[in-house]
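Listed after this line are the structures, all set down as structure tokens.
First chain A sits with chain B, and in the next complex the same chain sits with chain C.
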Partner chain A sequence: MKAVGARLPRYDGVGHVTGRTTYVDDVRVGRTLWVKALRSPHHHAAITRLDTSKAETVKGVHAIVTHADVPKNVYGHLEALGVPADEPLLADGEVRYKGQPIAAVAAESEQAALEAVAAIEIEYEERPALVDIRKALDPAAPQIHQWGNVYPHYGPYNHRRVRKGDVEAAFERADAIVEGVYRPQAIEQMPMETQVALAVPEASGRLTIYSCTQAMYFSMGVVAAHLQVPLNKLKFVGGTVGGGFGGKVDTAADTVCALLALKSRRPVKWRWTREEEFLASSTRAPWHIEIADAVTSDGWILGRRMLTLHDSGAYSRFSPYGVTKHAFHHSGAYTIPNLHFDGFVVYTNRVPTTAMRGFGVTSVSFAVETHMSRVADVLGLDPWEVRLKNANRIGDTSGNGVTLKDPSTVPVTLAAAERVGVELGAEFRQMTAEPRTGALLPEHLVAQQNLNLEED
Partner chain B sequence: MAKHRGRGFATIEYPTGMNQNGDPSQAWIKLKPDGRVDVFSGTVDIGQGSKTVHTQIVADALGVPFDWVTMDNTNTDSSAVCTGTFASRGTFIGGNAVRLAAERVRERILDIASKELEIDQSDLEIENGDVIARGAPQKKINIADVAGAATYNYGELISGSSTALKPFADVDDETGQVETEPHSAISYAACVAEVEVDDETGEVVVDKLVQVYDVGRAINPTLVEGQIEGGAMMGLGLGLLESSYPMYPSLEHRGGEFGSYLPPSLQDLPELDNVILENPSADGPFGAKAIGEMANNAQPPAIVDAIHDAVGVWVTEMPATPERVLAALAEKRQPRREGKRVIFDEHLSVRTVSENAGEGFLSTDA
Partner chain C sequence: MNLTVNGIERDISSPPLTPLLHVLRDELDITSPKAGCQQGGCGTCTVLVDGEPRRSCLTAVATVDGASITTLEGLGEPERLSPVQTAFHERYAAQCGFCTPGMIIAATALIERKGGPVEREEVVDALRGHLCRCTGYVKIVDAVLAASRGDIGQVDDLPTSDEGEPDVLVKGSPA
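== the complex of A and B ==
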């Protein structure tokens, strides 16, 4: 029997459904200490005093770490891709979101750790918070990030751009210009397994980290960078995760456990409560998307202008990456030769947003598809036929300049139409993904067509 | 006051692999002395089934039964680099890493089998654990005996390793254009939503989702359907129910427990009709593209389109809660028309909401 294409049972399915799979919190090591964190109660504040000396005397406490204990406190998840670092592991002098970790305690019990957290002496000076990305560049907007309120490092620009074709001419030529605003929301990744890590100092001098990360080598790199140690000092154990959905691409608990294990010389486990998972762990980003399409009365999209504001929360994490990915897909499953796109990563005083299933594209798919339906409605045309007309075809050029070799807009759309009994005109029923010809190769799509598919 | 039925749809595309590439996955494989296969890869299985899919890919790339293959992704000492389980890259990039490693192992098996059988390598093929002479099926040797010979006679560990990597694609910061593909493949999907909208309560019920996915090749159709159906429920949450900030952009009223945050549950499960198309990718393992992330992208716009079909209003601030549907029905907002411009949602625009008419966001070419 061939394995590929077969409906084989899940390799690890029996373990998962009978409770025999070992997740991080199931790993028990003798003499383990438990972690609790001091988190910011404010959305935005200066820290004017931080003193852990009383907390250190709480019975059962073995170690407390603050920013001063981290060899490299500020490290960027995307530093390797040229995105500068902006987020401290533990807050240093300032907090920019409610729930931001400031200090962490390792103690004999979770109760003792909580008592020590309560005994940490801290004072704040509250600052105004920025919450609405649309107001981030208002003259009176609170300044909340050291780079200003938008990410400034897209080469020389403070936004990700797409400039393609002649948008002015397309809007001039259009029979109608349809404009709309789309605001997809933040949601929780909400895994059953909350963020959790266990760090065990080995007799060899190495540190074993049991991690729920979605990316072991990536998280190992993050921990090694904060600790300033080579990779062979660390061993990550993981590979089985109780739900991720993107939220466990962030390295949430591993580094703090590593620091506390080194400081206390004891195994250290930190398991976030459900409340921490909801309120202090990252979410999917909220987005604000404005689209203006230049269209003809028979349903061709000649050009598109789009403005996207991405609510990054208090720090960058993966947002600059997410907005670039968003930009690359802002014409959707369609071929639009004239494009003008600006995408901004905007900081606010909310929990940093991060990767989640469909990162960067879930938002743009929602905006583009709802807008396509509206365009068809405004023009009084069949929405299936408008999509099929403008659909990506073999040899078409995408918004970022890639020649498409195997697009399936037409086959999936036709299959869906047939499944629900939508009646389409004969010229649409017979469409395929093959290169445009005849009436489906109008003047505005001639120049973008590239049939030298081998040369890519 | 009445319930209204509506139908809407959306067609979407989604890339495979980290945007702009540069994200390696590596794998290595060794044979035990009885020919059983140990695969070491760093791909984290977050429940999507990558361990199963990779095992299937190795089994067919080698020509051995599925249950000969053991997968170890448990730690960074035994596994080589995997950039991570994100960007819908597990089947394509992780899968290519184990496929390429398996092809190297296959070459070593054929080399040793060739010596044992005294038949040229090019005349041998592997089928269900046996190395067989083409056209002379009685001349064969089981891989168990090949691995035994390698270990005890030739003093060789049959192994192979490989890296799947597409080099980083630079983007022009001025124009957003690339010189090379910034992805490994693109998958496509269409979704039809059938809804019922109650114009008195504002409640929207999704009765049925018809979903068509081109995944290139379904390595395991059951797991593909798992992604389609699980993704459908997440898409339903995005479309109708979930919000980390119910009063967004306000930071207040966040739900800190399951009791105050509303994901979909089984009672919300609509009738699901799944269609898998296979338009193979030239570069993916056995033609595979991807399915993981895109599976929650098409439902929200399909649902919003269906609400419009049912009651004639567009809800574009998400999710489409009963409050928002009722507000849209009450306000009956019409687009403003100015010349050939048809302007929806003006009250939400940066131009309207900011104090400076969106300056800074709207004047990027000035």
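== the complex of A and C ==
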């Protein structure tokens, strides 16, 4: 444990401060071609014509790829977990978000690649777009997927659900019902390094791919699946990432570079512009979160009903997983014995959404913590004390049925109160994470606690 | 055209309107100035042109013909860091490192101009328009202040907490 608490130099620190660190865009390989993509100018449209023949004659162009060049065009990030694939690498017959890639060009210069993209002949038939998740379930809303507008694959359900205790009874017993709607919005991760990849065909028949991915083996699997090649045909070089924040978990540029490198037999590099990064790279999801809490006048939360709509954008990617994490955290760091949660992954004609710093969790924490303060406000109680009263304790059960062995809500809340100079009553200052007793073990919390302690 | 880059005179064959950033990166293989936005908005392409910090992505090479250019590679070697480089390294002012080239160039220009210790407001002003998405700027500003005071090479082993601050360990934690 020599490193814990010690001030150690960063192993990559000298490289960073002297400009010697080699990011993907800094890798120099002779005869590298530049990639540019044709992206959809529409949020939702049928592609009625796509012809690259004129573009192929542009001076300096070495290869153009469309969906027809991809061995396995439709792939899903969660296929290995049984989630069916739904996203084409390059659009085939229709586009579902503005900025969706349709074709990509490798040429001697960025300028030549741009000229070729402009020379691709394409025609669209625009369709009505859906951008508001609150309207997605409306029968009159534009339909985005063969599955409809809701991801349907949570076992027998079309949503992630949590059921615990008797919510009806809790709401009947309550002194008050406190409701709130929370809508955290999309955020672009905006790393300083935009999406970038360099693919180099080797004499051995392998492809070397310099990647800015945050998830090396995941990206390797994605490229191998699209190309339908064994993993040993790919050599990935990465680990030096100019910021990611979740935005480089999805595989953005690697696969298209691999295809163009194989087709042109030249090294190819695709460096997204800042505009592409904002327009077409994935963002943190927007959410629509409705909470209703059944509360007593002395600050106990007897039950919670919650509905969440998660804006997945045009494709699933990791959203089903994000909503599952969201579901696990919907009671926050508090013990609520009666829960009814429904979480939907909703498709819209927006850019697909993905991980960002606490995928699924930060959004629900924002809603839950704002709501805890609202509960206190409605009841005229201290928000710190409402939190401490309902805080998870050893032996309590979480929403998804886990018996808590080391919950830190009480000590962390007390430490935070001390740091910001909040004066709490003695009964709250003396709280610990130890199992509930006395006044902190009211009737409504007994059943859930005993049930789980017996299992130990 | 020609440029003196990090003390070495180089002939330039790129077209005259090529951004200096691309001349440095793609003609001369000097890669510390980064293509962060190529719109003058992020600051990571910043280099010194005759001692003044400039956005190389917005600078046509013809407009600086004959100038002396300094990039991050020209400020120090891994074995011989400049004071600003040392301060950034010791004080963890670089996280992913992608904005670091522009930050160090701009900070170096500020300290050269002042010739001694600088104020926090001056650092904030000099780094305006240099975006960092990782560190939150606190460590960056602290590193520049330390470098300007010559306060390098003597960082304490452990950060010390202020008098009266609660323990790092929280009371009653079951951990």
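One rule holds in what follows: the second predicted complex is superposed on the first by the 448 of 456 C-alpha atoms of A that agree within 3 Å, B and C clash if a C-alpha of one lies under 4 Å from a C-alpha of the other, contacts with A are read in each partner's own complex, and residues count from 1 in each chain.
Convention: a residue touches a chain if its C-beta (ideal position, glycine included) is under 8 Å from a C-beta of that chain, and two chains touch if they have at least 3 such contacts.
Computed from a predicted structure; not experimentally measured.
When both complexes are overlaid on chain A, the residue A:419 reaches chain B and chain C alike. When both complexes are overlaid on chain A, the residue A:241 reaches chain B and chain C alike. When the two structures are aligned on the shared chain, A:23 is found in touch with chain C, with no touch to chain B. In the superposed model, A:406 lies in contact with both chain B and chain C. Once chain A of one complex is fitted onto chain A of the other, the partner contacts of A:271 are limited to chain C, with no touch recorded for chain B. Of the two partner chains placed by superposition, only chain C is touched by A:15; chain B is not. Once the two complexes are laid over each other on the shared chain, residue contacts for A:190 go to chain B and to chain C alike. Shared-chain residue A:432: touches chain C; no touch with chain B. For chain A, the partner touching the most residues, choosing from chain B and chain C, is B.
Using the contact criterion defined above for the overlaid structures, shared-chain residue A:5 touches chain B and also reaches chain C.
Chain A uses residues 5-7, 9-10, 12, 16, 190, 241-245, 274, 406-408, 411-412, 415, 419, 433 to touch chain B in one structure and chain C in the other. Residues 5-7, 9-10, 12-23, 25-26, 28, 190-194, 241-245, 271, 273-274, 394, 406-408, 410-412, 414-415, 418-419, 431-434 of chain A touch chain C in their complex. Residue ranges of chain C in contact with chain A, taken from their complex: 29, 31-32, 34-39, 41-42, 44, 71-73, 75-78, 81, 85-86, 88-90, 92, 94, 96-101, 104, 131-134, 155-159, 165-166, 170-175.
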